[in-house]
Amino acid sequence: MSEDIRKNFASDNVTPACPEVIEAICQVNHDNVPSYGEDPISATLNKHFSDVFETETVVFPIVTGTAANSLALSAMVAPYGSVLCDQSAHINTDEGGAPEFFTHGAKLVGIPSSQGRMDPETLPTSLKHNLAKGVLTPPFQCLSLTQATEWGTTYSCATLSQLTEIAHEHSLTVHLDGARLGNAIAHLGCSPAETTWKAGIDVLSFGGTKAGAMAAEAIVFFVNDRTRPMIQSMPHLQKRSGHTWSKQRFLSTQLLALLDNNLWLTNALHANAMSQRLLHALQRHPAAQVPFDVESNEVFAVLPYPLIETLREEGYCFYCYPTPDGVPGGLARFVMSFYTRPQDVDALIESLNA
Amino acid sequence: MSEDIRKNFASDNVTPACPEVIEAICQVNHDNVPSYGEDPISATLNKHFSDVFETETVVFPIVTGTAANSLALSAMVAPYGSVLCDQSAHINTDEGGAPEFFTHGAKLVGIPSSQGRMDPETLPTSLKHNLAKGVLTPPFQCLSLTQATEWGTTYSCATLSQLTEIAHEHSLTVHLDGARLGNAIAHLGCSPAETTWKAGIDVLSFGGTKAGAMAAEAIVFFVNDRTRPMIQSMPHLQKRSGHTWSKQRFLSTQLLALLDNNLWLTNALHANAMSQRLLHALQRHPAAQVPFDVESNEVFAVLPYPLIETLREEGYCFYCYPTPDGVPGGLARFVMSFYTRPQDVDALIESLNA
Amino acid sequence: MSEDIRKNFASDNVTPACPEVIEAICQVNHDNVPSYGEDPISATLNKHFSDVFETETVVFPIVTGTAANSLALSAMVAPYGSVLCDQSAHINTDEGGAPEFFTHGAKLVGIPSSQGRMDPETLPTSLKHNLAKGVLTPPFQCLSLTQATEWGTTYSCATLSQLTEIAHEHSLTVHLDGARLGNAIAHLGCSPAETTWKAGIDVLSFGGTKAGAMAAEAIVFFVNDRTRPMIQSMPHLQKRSGHTWSKQRFLSTQLLALLDNNLWLTNALHANAMSQRLLHALQRHPAAQVPFDVESNEVFAVLPYPLIETLREEGYCFYCYPTPDGVPGGLARFVMSFYTRPQDVDALIESLNA
Amino acid sequence: MSEDIRKNFASDNVTPACPEVIEAICQVNHDNVPSYGEDPISATLNKHFSDVFETETVVFPIVTGTAANSLALSAMVAPYGSVLCDQSAHINTDEGGAPEFFTHGAKLVGIPSSQGRMDPETLPTSLKHNLAKGVLTPPFQCLSLTQATEWGTTYSCATLSQLTEIAHEHSLTVHLDGARLGNAIAHLGCSPAETTWKAGIDVLSFGGTKAGAMAAEAIVFFVNDRTRPMIQSMPHLQKRSGHTWSKQRFLSTQLLALLDNNLWLTNALHANAMSQRLLHALQRHPAAQVPFDVESNEVFAVLPYPLIETLREEGYCFYCYPTPDGVPGGLARFVMSFYTRPQDVDALIESLNA
């Protein structure tokens, strides 16, 4: 009794897991093995991620993206410090205060931007104002970037490098929220290394769930002098937040399945293609307006309210944000995944055009 | 290349998941469904738990026991309050400071006991001393009990009732760490209701992982005037700690598989039987001493060090605690599970007796 | 060797204490008395504040304004909640993350404004967007207003009432940062009651230090159904943050000295008059621009950089903020106090006009 | 209307300030000076303390002992770490959970002892057990000692050195709660240096309030490689907890008054002498039993309940602790101060003997 047409575009986390992930879970379900990450499957994580990212990594598998981001930040910033990010960043808007919880109240300072991308031009000013305030303001200790951004755009590797260079000059470490890193890589055509540590990223939240896992993310530390002390504290931070699985093999195996044969990137390429398919239709649509560059698996469109209501009545699921003042309608978001088929997008397009 | 003899008795979390749980995961892996617990499978959790416990419950599925205990406590105690527990309680000794993290520094006050069971005789004195100190000491707001206890013993339902009555009289709410609740029930021969809310428990950490799940626990609120405000805050606490799965169906389905046909209790009965099998051998062993009542799936034995070393050389895995002053040897713990077979216990017995 | 001309306009906290406060400290320095607020002087605080504010109050004396604000907020908002305030609010910009520390990471959400005053027109929209996000965003639980504001402006009692009514309708409680409440009252010509609880304020941070105390503020709870539970938790919150003085009489006596004969208001009237004296000169100054209504003891002026430098060279102390993009110069702040004399202002004016 | 006989022996914090402290406050009450510790009086603190302790120190003046202890610990231990201390330590029993608040939930682990002194013989075992538990238990990062102890006893400098050496060998830093350090020094006849950094102390909470201040303590960092990073973070920790006075001169001047002419030690010597006066009487008392060595300004005595009641009826104030099981009566505590006169002790003795 499956859906004929998959009408839920609300998020890339409404999907099932992809079959390879479930298969991997079934395959490790035998034998007693040491718990809390001491099992032989988990023992291979560092090596597999190091291969994919072409550098030494230390990896902690984590069950949700919110926890991965927040745990990473808690290793990077003192409770009295602050995290600089784009105002639209997921950590700032959609994680229920988890970064503040894990960091014991470090302040997130969100800078406004137009397309979700922080700007290397204005970053130095933000840093200067903060540092001038001494103890009156929590000092910036971490820059958190998002790739792909919350608005579905991406940073070029060159822009990332500019941003991280400024951050490092001011003694900030750099975190990358990569919940949709695969989609960004698939769009940019660069390597995993190029868009992360080669561009100055110190710590990565590697997104697995939206890429096809059942529930699996990874905090990836690119080993350097800045990250070494973080790596030391992470096992304690992880356990203390209830995020150390006893039967960790079931978490690790999902990640390995995604890395195997570049499944995470294959899935991302497919999802991105579905986005472009919808984009082309919207660009020709007389009443739709696409405000953000479509550079991953998300498509945003300002649509008239009657059209939004019609879609909803037909069973379509998608988020709708308020538009800026004076712009009529709603800002609809359509998210594609490995599970979205061409016929699902085509059916949506048909409804949009009806 | 599976083990012929299963020699890992370190914990009931070194096991795989039981087949029914994996099957349940496979079965829900289709279709887009709303995320964050709004899916149709999760929607049935409250009803299923209410049926099993014969009262109205509100249930939050959680991936680890540490998180389940700590989240529950964080809904029960103010940051400036304290939690009364047995000194040996898992929350006090083995959760890496997670209760303190989730509760923002509420104090755990551990009372010494001989067999891991808190004593209704001395509880009123502990409460009186605490309350007399005013703001100088964090006030007790919660009593946390463990069933079965850390030493593998159980509370009778009558003792539980005595303890919870005293707690409620002093305005404390009562938490039960039920990581091995099934084993206690299997031993006591009572109903799930009798050993929980009918004995005065307000909030239960229901253990699934050690009972056969891949990774699934549940915070079960027995609905009453004390728990109603906790239930209101729980969705925020859960999200904020990164413990709200986007694809929650995969967590919920494990719990439903355990409840189905009382699988959790069947598994527990089997594990308990394995404990008794070992106990009988130890009772006849000239050099072993069994210090705690064996009332669940854990067997503790004081063993001479040479014997401990021999077992380890043969490949046996088990924890070893320091013995009290003056008692020679080590305090070995052997934990049984659904996955322990009679032949595995018999092989261990043979090695013990060699 | 005192200064002939007092050239430090950096803040109203660079001053000494006013003589009446020091006299009061000397007067209570005899006899053993019970500690931690059980002394007979502290026992009269509630009554004196209740008289001044014409309603039942419960008062906690606190040594710094940062602690008073943050402790108050920690009694008003859950760790998973959030506080709505003006973007320029002192709690949001100048307290080193103290509100986040005391509230265990509750989020401060700062709304931009032009003159430091929150706007009753746009407040409902901010509330609606927040509440629509469910667990994804920390729910607003408290509205924090500042009177006088960070830019030296004041709210009319009518505007305060509008704002607090909207807040209460959405189940938020209302905090007033009154570090310069006396100055606001002196400007508005209203009563202490009218600008606080009669305008819907639940909890007040009453500023004493800037009004002439050595170091003394008060958290004033206006007793109602919303504040009663906060009052219960406050003694624990206060002790737990190291803000309960053992020899509390020395803190309480300062507050009583300020209330006695309305000293706090007399001091405020004088400081406000000094502000107007400077304002009149600035309004006639060809190169100065006064961006904010001068309604308390602070005067802000955009000044050309060479003039700023000249003043500094002459020994004047004052803060200088960045101006908005495109506006040349710096935004200088001059703060008046009970300790500022007409001749000090006149000397500054002379230097400005030179 | 002062008391003829001073009958309040409840604590050394029920007293007024000594006249030199009040005089010092009056003396600095002139002129505008920079706030938040940038004033010229505060600028001399480091030098004065360095002189007294004969080594380089960095000093932060703090208003209460609870805050001094807790802030110090928060610079010494990670939130996921733990603090080892005597079970009777003030931080563990009487500070309302403040250490847990400031450290964000680091765990205090209290070891039982007979006279309030930790034991160098058993310390290695405690450390070994802790470290063996890996992430399951918060790792010890700090040893906190109390001098004089909560039971009025003192550590010899040799014992302190033994304890701190073991701590440093295991990578713990060492904190000394010196709320009554002056009393210990007065008893031991050693120098301030000998009982602190020369005995391996890294960070000292220097007690001023009980030594005669109105309200003033100091966190004293003895500069070494372990303390340098703590010193960096302290200004932020201090501000963030609302413990940075704007008019800090009034806090600093109290500390300087205590150091001047060794007033703190003169006061301590006097208080200790009063203790000995009472002790001699109690030793001859037929119904009293003195359980702890009297080595500072506190005298503990097990007294029969009727005698306790009689004293209370006569107006005497003192704490009364429960006695160990089987010992009849109550454990009364009498605390002496600079303000206790011989005639006050003699009157008490007379009442005890009546």
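A, B, C and D are the chain letters, set down in written order, and residue numbers restart from 1 in every chain.
Operating definition for what follows: a residue touches a chain if its C-beta (ideal position, glycine included) is under 8 Å from a C-beta of that chain, and two chains touch if they have at least 3 such contacts.
The structure presented is a predicted model; accordingly, all values stated were derived computationally and were not measured.
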item	value
If a chain touches chain A and chain B alike, it appears here	C, D
Centroid-based (C-alpha) most distant chain relative to chain C	B
For chain B paired with chain C, centre-to-centre distance based on mean C-alpha positions, whole Å	50
Interchain centroid distance [CA atoms averaged], chain C/chain D, Å	34
Geometric centre distance via CA averages, chain C-chain A, whole Å	41
Multi-chain contact sites of chain B, meaning residues that touch two or more partners	79-80, 95-97, 101, 104, 135-136, 138, 236, 239-240, 244
Chain D partner contacts - residues on chain C that touch it in the complex	2-3, 6-8, 10-11, 13-17, 19, 22, 25-26, 28-35, 62-68, 70-71, 95-98, 101-102, 209, 214-215, 236, 239-247, 250-251, 317, 339
Chain B to chain D touching residues, read off their complex	79-80, 82, 93-97, 100-101, 103-108, 129, 133, 135-138, 322
Residue ranges of chain B in contact with chain C within the complex	36, 78-81, 104, 134-136, 138-139, 233, 235-240, 244
